[in-house]
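Right after this note come the structures.
Next, two complexes with subunit A in common: one pairs it with subunit B, the other with subunit C.
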Partner chain A sequence: MIRALVTGTRLYILQFTQNAFDLSGVVLWPILYSSIAYYLLGAKNDPHLLFSAAIGAAVIAMWSLVAIGSSGALENQRWQGTLELLVAAPMPLAVSLAPITIANGVVGAYSLVATLTWGTLLFGVPLSIHSPFAFAIAIPICAFAIGMFGLVMAGTFVLYRAATHLGVATQYPVWIATGLLVPLSLLPGWVRPISWVLAPTWGFRAIRDASLGGHPWADIGVCAILSISYFVLAMVFLQTFEYVARSRATLRLT
Partner chain B sequence: MAAAISVVDLRRTYRSRKGVIRRTTTTVEALRGITFSVESGELFGLLGPNGAGKTTTIKILTTLLLPSSGSARVLGFDPAKQAGDVRHRIGYVFGGDRGMYDRLSALDNLRYFADLYRVPVSMKRRRIEELLELVGLSGRERERVETYSRGMRQRLHIARGLVHDPEVIFLDEPTIGLDPVGARELRDTIASLHAAGKTILLTTHYMYEADVLCDRVAVITNGAIVAAGTPSHLKSNVVDRTIVEIEIFGAADGVVDRLRAIRGVSGVTVETREQAELLLVQSSVGPEIVQALLRELDSSTLGRVITREPTLEDAYVELVKPR
Partner chain C sequence: MNWLRVFFVGGLTSYRALFNWISPWVFFPTLVVYPLFQILFFAYLGRYAGVQNDDFFLIGNTFVAIAVTGFFGMGHSVANERRSQTLASILASPASRLALFLGRALPSVLTGLVVASISFTLGALILHVHVGARTAAELAFAALVSSFACTAFGLCIGALGLRGRNVTLFADSIASCMMLVSGANVPLERLPGWLQQVSAVIPLTHGIKAARELSNNGHFSAAARLLLTEVAIGVAYLLAGLALLRLFEYEGRRTATLETF
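Up next, the complex of A and B:
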């Protein structure tokens, strides 16, 4: 199972890198993020702001990549006829589809590191990380947790043909509910419990606290617990949705 | 021999809904209670025109679709309820351009599917090398699939379907769209799998392919099996017939009906060729029917006229023609 996850993740990242359009976006976005942080948000005068802005932007990008990238990838699988083959394989569907969302999370993690690196190289912002070890753990665990959160949604992508539309529709609600766009303190109280079960909330806090000082390990722990919970939930959802898709004959576009 | 595949009174209905305010439901009966079995080590052909129910049958047997009613067994397991038990024992290959990660190499594709089918690491490399050799892709395995010809893709499909050495192989129109050389190479591969003792269920609408490869065939049309047996058995249904092929340039209206009306003519079909049409006349009175046919076609411009023995295709056309 682990081997299928690793090979699959490598395969989807490799596939991603074979497309010049996708690749150029991943290379250019971090430069854009670091430029925005430097010029627009005033990071020039407050180096810590670059970190906060870059981390926020990168977690936003991570979720976008997982939500849109994964739904788009699943729609492509349907078009290219591989979705049926993944379903027909003896591996649980969650294991077959997890590499798609994990790969998008990994690309998002790269985006974060690249944003910080470009900020240092282009604008001379000092790269001072409070807890390098926690930072090195927080990034992959955040990427993984967001990938697993995307996997929970993948069930609906399997069931419905307009997967990309669903992916796009989930972008803003998650950005808002996790406090990445607007501070949670400005939102109604009922939004807060929602933010607690969403991985980007804890992923952002873990990376921010590891970089700027705080208690990242608790956030990292919550990310890990959420990842396992998401995976279990995804197994149940995907099993159910696969059954429904087999019943409704929606696995392939012909 | 034990039945590797058995299907009893299998039915499948598709329902599609349209509209938001005025919601309409369309129902299509894809399978209307089919029954057949495939023995272990047998190469069984499911023949039929487009939309006959061949792919629906294969999808039910490969666990991708649930039947509306009836039962199916693959190696003793129910594909609807024991999908996990069925999946690692079968290979599924379909025809056409799709079903591969085009931006990746053949090797990456095969490695991934080997892991999805839990092929042990110790066997994976050797197994992939053997398969590449079998399908004639050795030396090309590191090239991207998108650069492959259709024939190469189809052979890669076969390799992918065999990566876990399945006991039963489902081939859904594997030679569709291939050029004659590619189709022949693929038929050779299928024949070698059969010779190696694999149980194969092949769907096709190429009669020559079925005649050459299959031990037994079933003809399916409009979701029902209308005949089953060996290719020779099916041909025997039309063995008393003589087939007259008449090439005609610019056939006049009603000519087919006039030919059908001739005593001794049991069927007429028309195939459109580049500049002419080919009338295929089935007759139960032997070659002497030719005189009567030519008399009726007196005012038409004719090309080649030949009489021949019936083939499996003639038997098939007779079986699936609208009644």
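Up next, the complex of A and C:
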């Protein structure tokens, strides 16, 4: 199983780095969102705020890639006629799909480079990392946790005919509910408990605290716990889906 | 008579067949949920930044939803002919190209208006933005004008689909850039000079300005000039799109690459 996970992740990372849509997501989206944030928040003249916005924009891109990639993961297999083979393979379906969502998260992590470079070159955002070790740990943990969250989504959306579009629609709600660019204190109170169970909230905080000073290790720990919980949840969802689809012979949804 | 049949019946049939976003399974998440949360996201970001009020972001992002519909609707309804391997049959037919492709623009313009109405109404309800009946009607007119301009730009994107491999990527990238360049989310005066020059020649910018003018002051005469500019930009892109279609059809025939990827 571990070999399947590692080989699959490596394969999909290589594949996504050749995909123009994913590359545009990694480069264009974070630059765009960080630019909008810089132009709007620039009036406050707070370098820490702009740095935080750059990290927020990078996590935005990470989630977008994972949301679109994971929601379309099963739909794409259906289109390519390979879903039956994956379901019939002698390993849990979650292990076949996890590399897709993890790879999306990892490729999305490149966007951090794009936003920080963009912010430093064009907007003069000072680039200083308070705790480089925690920063180096926080990025892959954040990418992994977001990837696992995407796996839960892949398991939830499988019976929806246009799952990719449903995934696209989840982008803004998650960006809002996780406080990536807008602090949660500005949102209605009922949004906060939702943010606690969403990986981007903790991944963003971990990277931000590692960069600007704070307590990133607690956030990194929550990311790790959430990742394990997501994986278990995704296994349950996908096993249920597989059982329903096998018993009704509706794997193709046609 | 045949020209009109191709324009109205052919246009609607092709649009329905080639633009799969009008299926309720896709329409609801992509053209209702997505734009609505986009409005809320930027409205809250604006509140946090202390820049502009909710009306600013409500109008700006409603118009971005129009752009998405126009770019993808028109882009798909032309470029997907190639993907579904029907382009050669279409181009071999003696039907007027003008009727063939413009007929698809009309449903696209109307879809843009419907999407804008839904987004604006839901966004206004959630953000507690009050708009009078007269202003709403004027805003709908501005949305119709912008929908025309964006659909015309979508025709250029669709024409590129006769040669390029991926129209979706192109449409998505341009629609995303619209959020910044058209002034939908950032006041134009905050953008660098060269970006302001770009914004002056793209669809949406003048439509958004006109809509904000109508919403703030309610003087249609002040907005009329901006809407005329938006129409002129739309006409320019429409002509460019038709010219590109003609050019790529000729190139595709000459090099026998109409259906290759």
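The rule we apply is simple: the second predicted complex is superposed on the first by the 203 of 254 C-alpha atoms of A that agree within 3 Å, B and C clash if a C-alpha of one lies under 4 Å from a C-alpha of the other, contacts with A are read in each partner's own complex, and residues count from 1 in each chain.
Quick note on the criterion: a residue touches a chain if its C-beta (ideal position, glycine included) is under 8 Å from a C-beta of that chain, and two chains touch if they have at least 3 such contacts.
Fair warning: this is a prediction, and the values are worked out from it, not measured in the lab.
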{"item": "Contacts of A:A89 with subunit B and subunit C, given as first, second, both or neither", "value": "first"}
{"item": "First (subunit B), second (subunit C), both or neither touched by A:L181", "value": "second"}
{"item": "Which of subunit B and subunit C A:Q80 touches, first, second, both or neither", "value": "first"}
{"item": "Touching partner for A:S24 - first (subunit B), second (subunit C), both, neither", "value": "second"}
{"item": "Partner chain(s) touched by A:P173 [first = subunit B, second = subunit C, both, neither]", "value": "second"}
{"item": "Contacts of A:Y160 with subunit B and subunit C, given as first, second, both or neither", "value": "second"}
{"item": "Which of subunit B and subunit C A:I36 touches, first, second, both or neither", "value": "second"}
{"item": "Subunit B versus subunit C as contact partner of A:R246, first or second or both or neither", "value": "first"}
{"item": "Partner chain in contact with A:R3 - subunit B first, subunit C second, else both or neither", "value": "first"}
{"item": "Set of subunit A residues, in rising order, touched by both subunit B and subunit C", "value": "none"}
{"item": "Interface residues, subunit A side, partner subunit B - complex", "value": "3-4, 7-8, 11, 14-15, 18-19, 79-82, 84-91, 96, 243, 246-247, 249, 251"}
{"item": "Residues on subunit C engaged by subunit A in the complex (per definition of touch)", "value": "21, 23, 25-26, 29-30, 33-34, 37-38, 40-42, 44-51, 166, 168-169, 172-173, 176-177, 179-180, 185-186, 190-191"}
{"item": "Residues on subunit A engaged by subunit C in the complex (per definition of touch)", "value": "20-21, 24, 28-29, 32, 35-37, 39-44, 160-162, 165-166, 168-169, 171-173, 175-176, 181-183, 186-187"}
{"item": "Subunit A partner contacts - residues on subunit B that touch it in the complex", "value": "14, 59, 62-66, 84, 87-88, 92, 94, 96, 98-104, 108, 111-113, 115-118, 121, 144, 160"}
